[in-house]
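Below are structures written as structure tokens.
Here subunit A shows up in two complexes: once beside subunit B, once beside subunit C.
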Partner chain A sequence: MRRSLRTAAVATAAAAALLMTGCSAGTSHDSGDTNQKVNLTYWAWAPNLDKVVDIWNKSHPNIHVTVNKQDGGDPAVTKLLTAIKAGSGAPDLMQVEYQKLPTLVAADALADLSKTDAVKTKSHFSDGVWSSVTLGGDALYAIPQDTGPMMFFYRADVFDKLGLSVPSTWDEYAADARAIHEADPSVYLGTFSSNDAGWFTGLSQQAGASWWGIDGDAWSVDIDKAPTQKVAKYWGGLVQEGVINNKPMYTPEWNTALNTGKEVGWLSAVWAPGVLSGNAGDTAGKWKVAPMPQWDASNPATGNWGGSSTGVTSQSKHVDAAVKFATWLNTDPEAVKALVTTAGIYPADNAAAKQALSKAPDFFSNQPDFYDVAAKVAKTVNPFTYGPNVNVAYSAYNDDFAKAAQSKQQSAFLDAVTQMQKTTTADLKKSGFTVK
Partner chain B sequence: MIETQGAGMRRRVSFRTRVLTPYAMLAPGIVLFVAFMAAPIVYTVILSLQKRTVTGLGLGANSHKTVFAGFSNYVASFTDPELLGSVLRVLLYGVILIPTMLGLALLFALLLDSRRTRAGGFSRTAIFLPYAVPAVISSLLWGFLYLPDVSPFYDLADALGINAPELLSPSLVTFAIANIALWGGVGFNMIVMYTSLKAVPSEIYEAAKLDGCSEVQIAWRIKIPIIAPALVMTALFSMIATLQVFAEPTTLRPLSNSLSTSWSPLMLVYRDAFTRNDIYSAAATSVVIALGTFIISFLFLRVVQKRAFGQED
Partner chain C sequence: MSATTTEVTPGTGRGAASAQKMKRERPKDSAMHEKPSIVSSGILILGAIYCLFPVLWVIMASTKDGSELFSTLTLAPSTHLWSNIVELTQYRDGLFWRWMLNTALYAGVGAIVSTWVSALSGYVLAKFDFPGKGTVFKILLMGVLVPGVILAIPQYFLFAQVGLTNTYWSVLLPQIISPYGIYLARIYAAAAVPNDVIEAARTEGAREMYIFNRIAMPMMAPGLVTIFLFQFVAVWNNFMLPYIMLGNDHLFPITVGLNGLLNQGASAPAMYTLVITGALLSIIPLVILFLVLQRYWRVDLAAGAVKA
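Take a look at the complex of A and B:
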């Protein structure tokens, strides 16, 4: 009996220990002494970023940065929000996508860097990008790292065969879509994807939309306005006509269609070569890139699809050291060059980008001026303000535009825009935000 | 002196034995239950009674507060047309899935239990094996098979001149999801029924044989009534699993335009909690779903209990 009592006690202790380990994931902080060696942690998901950070660690023995690899933008944000709520466990530095910044700022997860040396990096970046990290106000929440200016990727061999010219306006894009689909009804110039809210945001941004706005102490939601309506009407028309596909991107079907030449164009961003080489490897050397088709050819513009920044979290005890590192990472020519070659990103720093990006990506070896096109396009990114509930608008996009794409009715595309506006506004009001 | 000491010690030991030991032995169970069942449930209920409020633009420190919300989250859940829609979709899914799945499982169990069956061990494993494949993996596999441009079945249908319907279209997607659950679920339910068939003493069958019963009559008049408790249990588990369907539709959603982010009740909870960052209303909705599941299970047991367990008393 006594023995079983002891066994039970051991089991209880084991169970208790099991529970404790779950709760004791605290972090220890160094003291504020400037001469002491500082250790920084950095949550990021860009591939091979640790190799870029190694360069820093070799030349800066007093500020050691450890990269903690994350699964991607969404899971990292969820993890950070949990750590902020718990009061400990957040890293010093964090890779943040531009559209997630307001959500993190709203949760008080990021430090305001406007009183630090970080503001001196302003001259490195275009105004459109800088407005994403200031949220259009006086504060500064991150230093821009990479951007995803949208461009038009197309199968040059198919265009040549059909005698088509590269579309410079959306009217020409529609005409090309018709010609391609008529020549072979199983082939499309592109698809309208209800799965990729970021893609549609970029298209709307190009048309001049800015879905959120700050007006004094109130937010405005401007989704259901002329620019986005124009974009929705345009795509709804093409889908209704049947000359543009209505199936989502990033499905096994879509990958196959790109590889077998059933999908001969893609409105994507500067990072597209990486995706295409992965899922359409058989078509290497057949693609070319051009600036986006335009609404107003005399006033070229584009939107962003993707891109991220480096933020310092509100739990960091070493804001100045973190800023020093983030500034180096995103503006130092050697660091930017390493970001391009080992992490494969398109840097937000215009001058450093031009220096670092000379050779076209392998998949586009037939187009030596790939990065010249990109550099020209990157300067024309329209400004865009993200709000505190981007996730809500994006999931509303998934649901509402899935219905519209399925129905193949132009009017349903416009209804979807209205519904997105309603859902996004209602959510802000429900959370207690003042909405104009 | 020595004797009294010994008696005292014995009394102390027996006090320990009788009173403390049971608790000590229960302790690991109680600790784990409290930590992983009771505490999360209590926390969920607490969350469901709160909400977040914002001052000004909601940017920066101290602009957010968590306040008591009363039952407003519950009112919102009950009046949410999306929740009602998801419940109705899942009910249709259950009506398709449960009778088919249990019918097939029963048929296979009876066939395996019949004396004339050959290669019983192999068949049993083959039918059970899909249950070992995680739902996310099986949904990915089936997703490939459902997409016309990558599925070998559509190639086959084309070669035979059949115009196969698109299984991920809005009218058929419920069947497509039910099919995945069917594929994974038949084996498990079959094993439960087969095990309880094996527990039936063989004298009963011999007696029936002597009375001139055929195999079909034995199955229908003896085996099925005897394993009725197992049938009730599998039906109950299937109903609960149906209400909680999540992995299959979530995995299939990005492949088509047919599934919304609130297709099933749990998808709605997931979206509210992790996409919309509103754990408070998600907590209220999960409490509502849990209560609904409890009520349905209770009513179901009330209705079938007498018939299924009547003979055991």
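Take a look at the complex of A and C:
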């Protein structure tokens, strides 16, 4: 009697095991042979990227690519790192933001493409962009996809009404912020967002910061240096004065403020029209774009916010096929055009971008030279080196600057920079890197 | 259920006895004859408002379009519910409904299998003596105390070894064993299935599996409904496990899918209206399920209170 129960249990377990093997079989084999049908998975989060990939699938029956849409940015990277550690489950291709490349390279998550045809794409990209996918060495870890040069977006109607001119320096930006806030105390020219580390990184990059450095095998962390201190001091001052808001971006509150004209400016990147049309639809046609306010007007510079590349993971069994696809996606004129029109990104491929970006985005139909401004700005991006623990520095930014923004004290902003430096350096040492 | 018990085993078995006792006492204690106290009703009404207000908010918010969502009065309804649903349905060719079906699969199949496994394990723990039984039960009790979230990452690594991550199995299998369900089933089996019935069935020559499936399970039915509902709701709302296990968004349940709509990266706005509408649609099946199974649950809660 007991035995029958036990046999039932064994049978259940066996059945489960069968189901498992039945399910896992047939995942791995093949490589090289171009005539064999290959299936690639691609983790990405750029909107409508699957539509762009459909074009590829139609014309390339032997290499079928499936897009698995991921949560934007960090979550996808965390997931990929987990899959790499676990030894299976990673996709073939991965959308990687430039600042995450060192992290993924340090975890052996990306295949080195320097021995493949991917190197032939070099001529399509500017040197600055190319160095961010080679990390300055001989290896090649991804093919650049898009960039996010930072620009200043503002409500032209509000500026006109108050008789303000577009700020070309940060001093003028501060003066405009004061004038706007004085005219109506519920209105701000912008906000200091303690949620968006990438935004602050871009601002620091503009000021000449490069938060990491590599010398041989030794890393250095240079967050708490003059350029970043200058930026933190500037924003801390404006927040303490109360002429700039201290609430984070990308919240419902922020969306409302943009849509209802309580925030009349945004220091953002070239992809901003996509965001504004989504959260501030009522203000279409009232915005304009200008280059960033400058620290040194005679030597214009900007930083990057966002921008990503296409990498091939170290678990991929079809590196050549993946490279073929990634090359097409990021350099083929038809693909780049589709990236612009359906995915709404600013392509890194210079020549193809010029062709594809003939018309201003709908939201900026009042400014036909939108992409001319962008192209001019994109040439002034300062160099910047990312280290292997960007995630740690970014979460330190979130923690420390949230407190600083809350306190509205200029000194707290400078303390936050010091704290970021400490946290980042300590983590780098703890992870076993040589730190100068 | 109690009718069968009294018939077969008059007055024996603690479970049956207390069930009878409860039955007799119930009308006397029934709250229906007492005057409702203003204080307690007030507290209950406050509690109900506290729980229902967010639901009301979701209903109202799902009728607004993107520009109204954060600008018009919070509870003022608008007229865009249908267009929101249409937009949600159109999102990447109806992916939302795929997520709904996935969730129904994870929660439905997962909860049924898990209930059966719990019933079987609980029944064995309650009615059989075997070496190590106490240890097994103690481990089980510890399992009740460990939140499932903690297990998600170890489970991911285990599944990765057999290449099962990013499949339906990776979400279904871990949710089949529920220590709490087994614990409840054990208590319920001890109380609701009299030993004499099992003995009688054995004397008649019934096999153990037959006794369990045909005699014990029906007796445990109200308790199993509870376990089923617990598991169903737990799986329906589960986020962490599928979030970690799945990379392919065609396998996502509704929770992970909707979360993804909020995390579009810096260069795209979060789709608040779609997420709110999706949240509203996703609770409808749960509400229906509760309304249908409610009475079983009530019977069981009363019984459990006396017997446990």
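Quick note on the criterion: the second predicted complex is superposed on the first by the 408 of 436 C-alpha atoms of A that agree within 3 Å, B and C clash if a C-alpha of one lies under 4 Å from a C-alpha of the other, contacts with A are read in each partner's own complex, and residues count from 1 in each chain.
Methods note: a residue touches a chain if its C-beta (ideal position, glycine included) is under 8 Å from a C-beta of that chain, and two chains touch if they have at least 3 such contacts.
What you are looking at is a predicted structure, and each value in this text was computed from that prediction instead of being measured.
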Subunit A as common anchor, with subunit B and subunit C clashing or fitting: clash
One more residue to check, A:69. First (subunit B), second (subunit C), both or neither? second
Pick one for A:198: touches subunit B only (first), subunit C only (second), both, or neither. second
Using the superposition on chain A described above, determine whether A:432 touches subunit B (first), subunit C (second), both, or neither. first
Return first, second, both or neither, reflecting whether A:250 touches subunit B, subunit C, both chains, or no partner chain. both
A:217 in the overlay: touching subunit B, subunit C, both, or neither? Say first, second, both or neither. first
Clash with subunit C, by subunit B stretch, listed 58-66, 112-120 or 292-300: 112-120
Overlap the subunit B and subunit C contact sets on subunit A and report the shared residues. 1-2, 4-5, 8, 16, 19, 250, 252-253, 256
Per the touch rule, the subunit A residues reaching subunit B in their complex are 1-2, 4-5, 8-9, 11-12, 14-16, 19, 78, 81, 102-103, 105-108, 112, 135, 137, 139, 194-195, 214, 217-219, 246-248, 250-253, 256-257, 262, 314, 388-389, 391-392, 394-395, 398-399, 402-403, 405-406, 427, 430-434
In the complex, subunit A residues that touch subunit C: 1-2, 4-5, 8, 16, 19-20, 23-24, 27, 41, 43, 45-47, 50, 66, 68-73, 75, 79, 82-83, 85-89, 91, 148, 196, 198-199, 250, 252-253, 255-256, 259-260, 269, 271, 274-275, 278-279, 281-282, 305-306, 344-345
Which residues of subunit B touch subunit A in the complex? 13, 16-17, 20-21, 24-25, 27-28, 31-32, 35, 52-64, 143-144, 147-150, 170, 254-262, 271, 274-278
Contact residues on subunit C for subunit A in the complex? 66-67, 69-71, 92, 124, 128, 130, 153, 156-157, 160-167, 169, 173, 202, 207-209, 212, 244, 247-249, 259-260, 263-272
